[in-house]
Amino acid sequence: MTLETFDTTFGLWIGALLTLCIFSFLYKDNPFYRFAEHLFVGVSAGYWLVYNYWNIVKPNLIDPLAARRWQYLLPLALGIFMLTRLCPKIGWLSRWPIAFMIGSGSGLMVITYLQSNFLEQIKSTLVPLDPSGQPWYVLANNLILLVGVVSGLVYFFFSKAHTGVTGGVARIGIVFLMVSFGASFGYTVMARISLLIGRLYFLLHKCAGFI
Amino acid sequence: MRRQVPLLICFVAGIVMLAQSFIPPLTWFYTNALAWARIIACIALFIGLISLVRLHTTKIKRKSANWQFSMITLCALGYMMLAGLLTRYGFFIWLHGKCVSGSTGDGFVTVLENAFNFQDIFLNVQIPIQATMFSLLAFYIASAAFRAFRARTLEATLLLIAATIVMLGRVPIGQMIPGISEITTWILDVPNTAAKRGIMIGVGLGMTSTALKIMLGIERTYLGMKD
Amino acid sequence: MSFWRFLLRMDRRIVFILVALAVIAPLIAPLNLPISVSKPVRNLHRAVDQVPAGGRPILVSVDYDPSTVPELRPMTLAVLRHCLKRGVPVIVLNLYPTGSGLARDAVETVGKEFPGSSYGKDYVYMGYKPGVTLVMMGIGEDFHDTFPTDGYGRQSSDLEMLNGVKNYDDIALMIDFTGSAAYEAWIMFAHQKYGCDVGAGVTAVMASDAYPYLNSGQLVGLLGGLSGAAEYEQLIDWPGNATIGMDAQSVVHILIIILIALGNIAYFATRRQGQTAQAAGRERAGGS
Amino acid sequence: MLTRASVSFAGRRLLHLSMCVLAGSLVLCCQALCQSPPSDTPPFPATNLVAKDTPDDDGGSITLSWTLSADDSGGKNDVIGYEVRRSKDPNGPFETVKSVSKGTSGVTDESKVENDAGYYYQVVTKDVGSETPSTVFGPIQAGVQWFNLGRLNTLIVTLIYITLLLYFIVQAKKGAKLFIRRIAGLDALEEAVGRATEMGKPILYVPGISTISDVATIASLNILSGVARTVAEYDTRIIVPNYDPIVMTVAQEVVREGFLAAGKPEAYNEQDVFYVTSSQFPFVAAVDGIMVRERPATNLFIGMFFAESLILAETGASTGAIQIAGTDAVAQLPFFIAACDYTLIGEELYAASAYLSRAPLLLGSLKGQDWMKMFLIGCILIGLITLNAGYDGFKSLFDIPLTIFR
């Protein structure tokens, strides 16, 4: 057996064992699952740290600073402020970078979401309702779409009690929401089963095939 | 300093971010702010690391339930960091199939690399566990459907009918029923789209309103202070 | 009556076992349920079918990693089988390092199934080549310069079927299997720049993104997810993992529907008996 | 069969390196070689070349468009591509700034374009052996626009929204009575906390798996603030596992403040608000472990979630916990609805802060949101009427980017 095939076989077996450890959680919590879980957390936390160091900190901070591009001192300073969190006395300084991230994030979200979740949604709801020149079912679908959007919005009215007309329309909105949730649920089943097929295939064919 | 400065920073950052959407010469702020936020987030991982290590060392010290497993987490963490940071080749280079920069491996480095093989651990530990955790969804989606889809009310009935039709319409055995594919497509394209759009508009308004309140300092719980 | 009460209080682990059985059983004993074939799959099949046997080869790029294997490997195998069955030469290559083992495995699996065909004459595996778009462009300039050796380290010039291959003009069809947007790059370079027909096989989630290319004719055909693979297997009359997978899908979907139905019958049956809410509701108090 | 088993790992990577360099240089060589002298009939030129300053940008960019050569997808159909060439002098020499494939009839030149310098452009149609230049277009200057007209509609909507919000906030400050409808999931919060207290079990709060820049996370932390206070009053333990270290930092602060507000700062344990890991499934594995080992009586999943939503909610359901979820992730709502007792759907998540605190300023903004919905429904109605009357100008007001000024 060459080193490489040994490596692959060994790796496959480790993979298979860990797969079984995780599956055992379906029966109940047990030491095997606990083992896999704790290993997983440690490996991924370490992986994530290393990944970020090589992919973000080094190319985007250390390398530019080494090249004396001093404007990068600002993010460095903000990062160090973040770390003051570890010393209770000056920990309040960490609010500065946090405020920066929250502020800039919020500013960005306002524009992005007003465009994508407001303007664009209005535009795509503006559909032809002219009965001439199109089959009846296109018209019917467009009408249903319109009713669904408007009644869904009415469901989200907060400053009006859901009684009377508002209540009636909101209830239609709930009907649409529920149909949509059911449909999305049913639609997703296939993708999830595919994942399980993949894992079982790995266990039965790849690993059991080695026996 | 402790309260006013963060509120000011938040306000200014938010306003400039808003303004850059409309004023092209300000777009540099967008690019830089994103890059800075990424860098800050990476440096902050160190705080996460300390929290994680503290949590598990406390468990071990106090010998609280399952403390032995905390040692596994700490060992795995330490090993991955050593393997990833100390070896002469960053693993990510391998990950993206880019070219290796730096010197060639002499005997010692090769041995070291094989011993601390970062990518093998990633491939043989992280990937299978990840895929298996993900595949648990196949079981849970079935148990959730069984437990929750009861025709208790009109809404619940609609939910379960829509789910059943779409499930049938997606698989070959269900497609033998005439018309089921068409009904599935219709449900997904018409009522589903309408409802999603309603939710999305609501989310957009709620999110932007919250974002504006944050920028204006009306919503400041995140600073640990209520007004 | 106690059956219904049992059902309502049924341990969810029974559901888990049923799901596992419903997936495993068809994997072991396939049902081979008929599958209706959609147009994009039929188009890709036709494109492969129209390539003359023994003439210009088909280029297959295996650009996926372990996470998308369940969906993409069956379709890769189906297309390779179709080619070898018809005697159309195939060149397999791979542009993503995490997929090199997967690509070689696919070639070797199918190669073994056709003892009549031989490596170097009917199919070749060119291995992993870094640079993605650089490779795509390189093939357009000179195939042999881009791939001086194959995936096993042999000289490309020693491989019989590569003798006539200089660039995309000598390739009948290019098919990309990917869980990423790699097919878009293939369209850009192989199709737009060098005029080679491109087909693709992608995951179910990504299929909707690929439809515009299909409508604009930039893709000759498309396989989407496990169902696309199963449809292709149907067309080449070679039920494989995807067909079996679709059987499993059918069985699990039906199982879930039956469970929902039984749960509701039980709910109403027990409610009529006056054994209300507590038993029927969430089996919380007892826990499990 | 030959394998590369004998080659060590480092060696293999070296091989990749050399192959990559090799492939790259080969491609370059080939491209150089392909500049062979013209041999066959040259293709027809591209026509109608037009260059203009790229609109709505901060300069340094010029947009070109042309009509395809008659030999591109027609005529001899042997065009392989176009080269865009640029010069500051109409007579040349021209340098190539961009090459595009056949069938492309427009391009944006951003290669070291100086603002306010006059440029002349030419598009060269190429086939395998020869090339034909188009007529020269120019001079054209790149410039800075101080306002992005393409986003005028976004600006107007933003201003309308800010005005509405501020108006109602001011009204609320003046003491106007503001109604807010019931939100079942939020009403259940207190009951859920009380139940945990009765059972002497902890409460689990997962603030989503996103970053602090995500507004959904902040909405979640707002709810956490209220929950922490109630928890402190009831003397219950709260466990908050975190996916992001900065979110953890803020969550710690928020929970501590909650305990302080309840007058029990000593009951706060910082180690109960901790970081797990920033990858999706390891995080879920750990939270699943907490749920089955600590057996919290109440699970709250509030914030941004992805595919893991159902793993969390189903594991929680199996432990018999009462569960409340809230997310604006549309794709995950069905799973929370199926597996949790209460779910805050989309906008309800953002309304929670106002609902729980009943602070007039926040309630005022809810009213503003509702008026914005009315405005939107109004836009849709006007749009439908104008559209079906045969006028689609109104619909084009919602284009992104807005093009009516181009």
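Read from first to last, the chains carry the letters A, B, C and D; within each, the first residue is number 1.
One rule holds for everything that comes next: a residue touches a chain if its C-beta (ideal position, glycine included) is under 8 Å from a C-beta of that chain, and two chains touch if they have at least 3 such contacts.
No experiment lies behind these values; they were computed from the predicted model shown.
The chain pair with more C-beta contacts between its two chains, of A-B and C-D, is A-B. Chain centres here are means of the Cα atoms, and by that rule the chain farthest away from subunit B is C. Averaging C-alpha coordinates per chain places the centre of subunit A 5 Å away from that of subunit B. Per-chain CA centroids place subunit C at a distance of 30 Å from subunit D.
Centres computed as Cα averages put subunit A at a distance of 25 Å from subunit C.
Averaging C-alpha coordinates per chain places the centre of subunit A 11 Å away from that of subunit D.
Touching of two or more other chains is recorded for residues 18, 21, 37, 40-41, 44-49, 52, 66, 94, 97-99, 123, 127, 129-131, 133-134, 136-139, 141, 143, 145, 147, 149, 159-160, 163-164, 167, 170-171, 196, 199-203, 205, 207-208, 210-212, 214, 222-223 of subunit B.
Contact with two or more other chains is made by residues 22, 25-26, 34, 36-37, 40-41, 43-45, 47-48, 82, 85, 98, 101-102, 104-106, 108-111, 114, 118, 125, 146, 149-150, 153, 156, 177, 180-182, 184-185, 188-190, 193, 195-196, 198 of subunit A.
Under the contact definition stated at the top, the residues of subunit C that touch 2 or more other chains are 12, 16, 19-20, 23, 97, 128, 130, 249, 252-253, 256, 282. Those residues of subunit C that touch subunit B in the shared complex are 12, 15-16, 18-20, 23, 33-36, 66-67, 95-98, 128, 130, 230, 246-247, 249-257, 259-260, 263-264, 267-268, 280, 282.
The part of subunit B that touches subunit A in the complex is made up of residues 1-2, 5-7, 9-18, 21, 30, 33, 35-50, 52, 66, 69-70, 72-81, 83-85, 90-92, 118, 120-139, 141, 145, 154-156, 158-167, 170-171, 186-205, 207-208, 210-212, 214-215, 222-223. Taken together, the subunit D residues at the contact with subunit C in this complex read 1-4, 16, 19-20, 22-24, 26-27, 29-31, 34, 80-81, 101-104, 317-320, 322, 341. Considering their complex, residues 8, 26-27, 189-191, 193-198, 200-201, 204 of subunit A touch subunit C.
Here subunit A touches subunit B in the complex through residues 7, 10-12, 14-16, 18-19, 22-23, 25-26, 34-57, 60-61, 74-76, 78-80, 82-83, 85-86, 92, 95-111, 113-114, 116-118, 121, 124-125, 141, 144-153, 155-156, 173-190, 192-193, 195-196, 198-199, 202, going by the rule given at the top.
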